[in-house]
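What follows is a single structure, written as structure tokens, with notes after it.
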């Protein structure tokens, strides 16, 4: 039985990785290098915005929204964001896994894990996460030489910011039912240039940071008569193209983390298609498979749990702390245990990828655990402060109301990027080999 | 919108019942009457069997298995079980809701609720639960006069014990796919008598107490060509008919709470069919709708929780009690709160039925809550005693190992009589009006 | 109006539902969010005209003499439609405790006023925000002729900005026993500052600086405020549960409606088993919330021992209403996370109301104590 | 045999899996349930011949010198196939603590014997069954020449019926500090009574009545048994986690196989969303159990601080293995509740192993303490 063999091979790999959790001397050295770099090069004036809601991207740290910061109305913040990007780009650390030729650093998954871990611990912002982590690997695998040459260096230098246009109002969990159309026009019919173009019409929604993006990667329907997964193409679209309207959407916290995008007769060169026509679904699935949630969220959670414990022991924390703490301390310990498991899973994933193992389902498991852990952690943290957890204002609130806000951030954790119900079905069918429904 | 109206009407009823939780003077008087009856008439020598596993029927109290007891090898126990049945039958309290003409007491649902509650509190066994609670109401509603006259008095006197043959090895959650066949034979082909008969072949499984039953009510397929729900009939079958083999099934606790039944050319008079031919599915669904789980389980759980609290305060309990009790006391309080909710739901159901309201989904909700509460309660109780909870032997174990055993009893709670997954779908579709999948 | 029969109760609730549904656009949480009062004064006038604040007050003071349960029915409808209103704070937390514990003079002065539309609120500032009956961070210093000077700061005082008077729990000097005082809005040294909070109810920080309170404003006896606080907490908790029951029912209805109409994979999402399981869990939660709340309310109405019932209800309702909202978000997906959707108002309500009068853990702990554990 | 490379480890585990799969019918929990030894002595001989008990013992005492993790790999396979075996009690709870804390003479005497197939067990009788390092209900009374007379009763001593010696934690007189003693099976005044327990491991009540223990049998120092108990508990806990990881994986595999083949409503039940959600939850639980267990085992192998890792693993694994079994029962339905099915053996194992060395709450409490909460 094929699945069975597969599972056994994967487990054998698990066990190999489980045997030695120690970092090599080279890995420890690299970790020191990252720490020194951040200490030396992170712009001192690039401070977290105290009033910010948390970005919904798992790789982002609180207080920063780099795609927005690099265009901030505040010239100092704008300059700081760009300086940080330039510093990272020097080392190839914006897109560290990309080949050096394209501006990356050619790091192994384990090194990239260490780099991201140290950046999260230092609480400095990730630069160009969507372009670097989602589109970059996709172009490496599915793009052609021209596309790689045209787009990867801009991503790796932090000069071009990308957003992902997949979801539509009527295509959420059922992403493949998307209806944005791209109709191919013969060269002569196109008034713009001599190249063949697609004429794109339709609407995307829930596109993270679209309002700050230079370019979009978008799924469109190129064959309306084909079965739904087989008529989709993957296009790269300049966000400044005529006919594009991007409207930020306000979320329940009052932030604008995502936007809707309207395409009204937008002309896109056929050369901007990644992969074959009508095979875009498979390109997109690969893009979504490039793991992002792993280490970033874990370290963020770990740090906020540490802050909670420290706060509860502090004088201010004592004032705010609920009177009855028996259940609270048990819950905090549970969160600690869960985080330890999540961290170990993330290391396992990185080390397996480094060893070149066939990806198993551990990245999906890690993401599912992380999303639900986010919600539990927010509840536990809020619980610590009894009635004071209802303070939304930062001023005068315990831990600057971090947990009051996190409770609402966490609502999105089990929805965006695929609901946890869908994630579970993916684990069951692709991971465990259960039959599709 | 019809569903919407229905929900609103039901809610209005909820509220009416929610307004006054006090028993009427007559109800209090009836409660006293039941208490006095049990005190005076329950045979002193009819003691719980200290080694027994709990029956899986929700209306049964621990230590008794009345269908087995009435045929016990121990003549004293046999006599006691029969004496208790006779005493109840005098008042019509074996099948209290049945009309007096058939040997019942014609009690309202509220009175029946009080009767069962007091019997559970006194920890005396229910007599003839399956016949009285499932088949009795079914015959009243769907049987004909001959069937009622033939069978109801035997049920009400505790003389005829029934078992329900619905599930089959390949028809569990998908009950309607059952394959036991009943083929009608013309009178002349039957060698037994002059009446027309069905010839029944097939197998039933998970039939509670079948090995102790005199009669069976069984679903059979009478039209193999019809859609699966529309070719089923509901038959009453004498368990001593030639061709019937009943084999008890051992469960994971070592008890034999159910059996499998093989039908090998069993002849069943056509007159024993309840309802129209090929309409048996709807008769069965009605039978399953007659609420059984409501009050019995609640009172049992309440009493065992009380015993736990008492035990933890006692000298023996102190020895067995785990060292760290912070989480334990919180869990016990949670179980108490949940039981209180379940009791209130059961009262609501009874009082709505008494008021003649259209049944809503509260009985299903009550059953689902009760099944899962059973498992939580077992875990909480076992947790109280740390390592001592692994004692399966009664001797020298805390609370005679009640919770060690209950943990295994409770495994069945969310499976038998429909898995909780199926129960949830029923609540969603029939109760809330969501579309069927 | 005979309010004893359940038919009348149904009538009240149906009328309330009709009014509130009609006023949702102008008086709902979204509409009044930025308003300085934090609720709709116009709707309050309508409610007053319909006798809502008078409903459960004693007849001798201008009330209609209905049972406490009837107030809970109104709170349930307010919760279901997410209409912020000073009704609960005014009646459950201040007027009813006043009616039970206050002097004839105070009752005469204030209960009739409430029946005519004046509003009250309740100031309970205990260390760690604990909802017990002892200890306060507000200090009343005796100042001659039985009067006091009040000092200290309290958080989370609902509708303080518009309340005409406040039932204040203070401790006299170092004594931890409470003393209940009725402090009028115009009192010198009283400062009110609106807080930015998670919930839809306008909450205030109330500070007293050497604020004079005459002896006649003591509710009950000096040092006997624990009983007043117990009444306010019990009634406030039960009425809050009713408001949450309404909210949870509203969320369930909204979710069932969405799951019935929203399609993915060519069929309504409500036909998917995972969505059905979520909705069934919500139904369990809501029904349990309703029965436990109305049992508690009934016990309070009849003046029966209610501590286990009230704490049990608050523990269940707090946890389950939050779960109902979480499941509703799962079913709604991204649209439910947007500011334009109504679900977030319920989620905010659930989060805040779960904390009011003590959260689930607090009340579970009270049950544990009552069980002698 | 070079046991340091992971390739060898894979080889060991694959060989173990093959052997145990082949012996399941004769040596599995079902087969040995009614046997007086509670395990298969034949299989134990085979294991000994293959070097299993010797695997992680020091080479100077006839061991193969492999790391503790390798023992956990064997325990995992034992759990996966539900093969009761004295391996864990012998090696993790007695031989390794002896190797670390015992005198050269005791090690010379017993470690080689273990490598050749003698078995040991561990007797830890603390008040309330608490797995701490202080307090015992067994009393060792000094009786001249540094020896003791041992009195008292201990519950839940695994494989005591066949063990050749027992590592016993006792307190000397009233002192709560522990003293570790190695008591041989033939000691007068030693009584062993098999208990009827939930799990598949044979557990005994062991009673000592004026049982003589010579001075040479003290492991470590008098009053210094806490360190021995800590070693036994840490290694025993981690090895038990490994056994549970194997059990949980076995349940997951069994459940996926059943869900793939069992049909209802005309399709495999594994295609239903509710079943898929359950199986995905099981996958999360099992993967988390494996990574946390092997991290803890690695820390113990390297002698790094491991308290948080071990307690975290035991808390996670205990809760999650029980959940895995509960979900497996949901997927299997009634057939999984029958005595003829293998699932109940896993459920019994999960229930009992979750309690061994302290349950999830106990270990969560230890984590809370370690965090300074």
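Per-chain residue numbering starts at 1, and chain names A, B, C and D are given in the order in which the chains are listed.
We adopt the following convention: a contact is a pair of C-beta atoms (placed from the backbone, for glycine too) under 8 Å apart; a residue touches a chain by one contact, two chains touch by 3 or more.
Computed from a predicted structure; not experimentally measured.
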### Reference chain D; chain at largest CA-centroid distance
C
### Query
Looking at B-D and A-D, which pair shares more C-beta contacts?
A-D
### Task
Averaging only over C-alpha atoms, locate the centres of chain A and chain B and give their separation in whole Å.
52
### Message
Counting only Cα atoms for the centres, state how far chain A is from chain D in Å.
### Response
42
### Task
Check each residue of chain B and list the ones that touch at least two other chains.
326-327, 330, 421, 424
## Note on the structure
Residue ranges of chain C touching at least 2 other chains are 272-275, 277, 361, 364-365
### Message
Using the touch definition from the top, list the residues of chain B that touch chain D in their complex.
### Response
167, 170, 172-174, 177, 205-206, 249-252, 254, 319-324, 326-328, 375, 382-383, 386-393, 404, 407-408, 411-412, 414-416, 419-421, 424
### Task
Show which residues of chain B lie in contact with chain A when the two form their complex.
326-327, 330
#### Entry: Parts of chain D lying in touch with chain A, wherever the complex brings them together
6, 9-10, 13-14, 69, 73, 249, 252-253, 256, 259-260, 267-268, 270-273, 275-277, 279-281, 283-284, 287-288, 290-292, 294-295, 297-299, 302, 308-309, 312, 315-316, 361, 364-365, 367-368, 371-373
### Message
Quick check on the complex: what are the chain D residues that touch chain B?
### Response
127-130, 155-156, 195-199, 203, 263-266, 269, 272, 274-275, 326, 329-330, 333-334, 336-341, 344, 347, 351-352, 355-356, 358-359, 361-362, 364-365
### Touching residues (chain side chain B, partner chain C) in the complex
7, 11-12, 14-16, 18-22, 309, 312-313, 325, 329-330, 332-334, 336-338, 340-341, 344-345, 348, 361-362, 365, 368-369, 421, 423-425, 427-429, 431-437
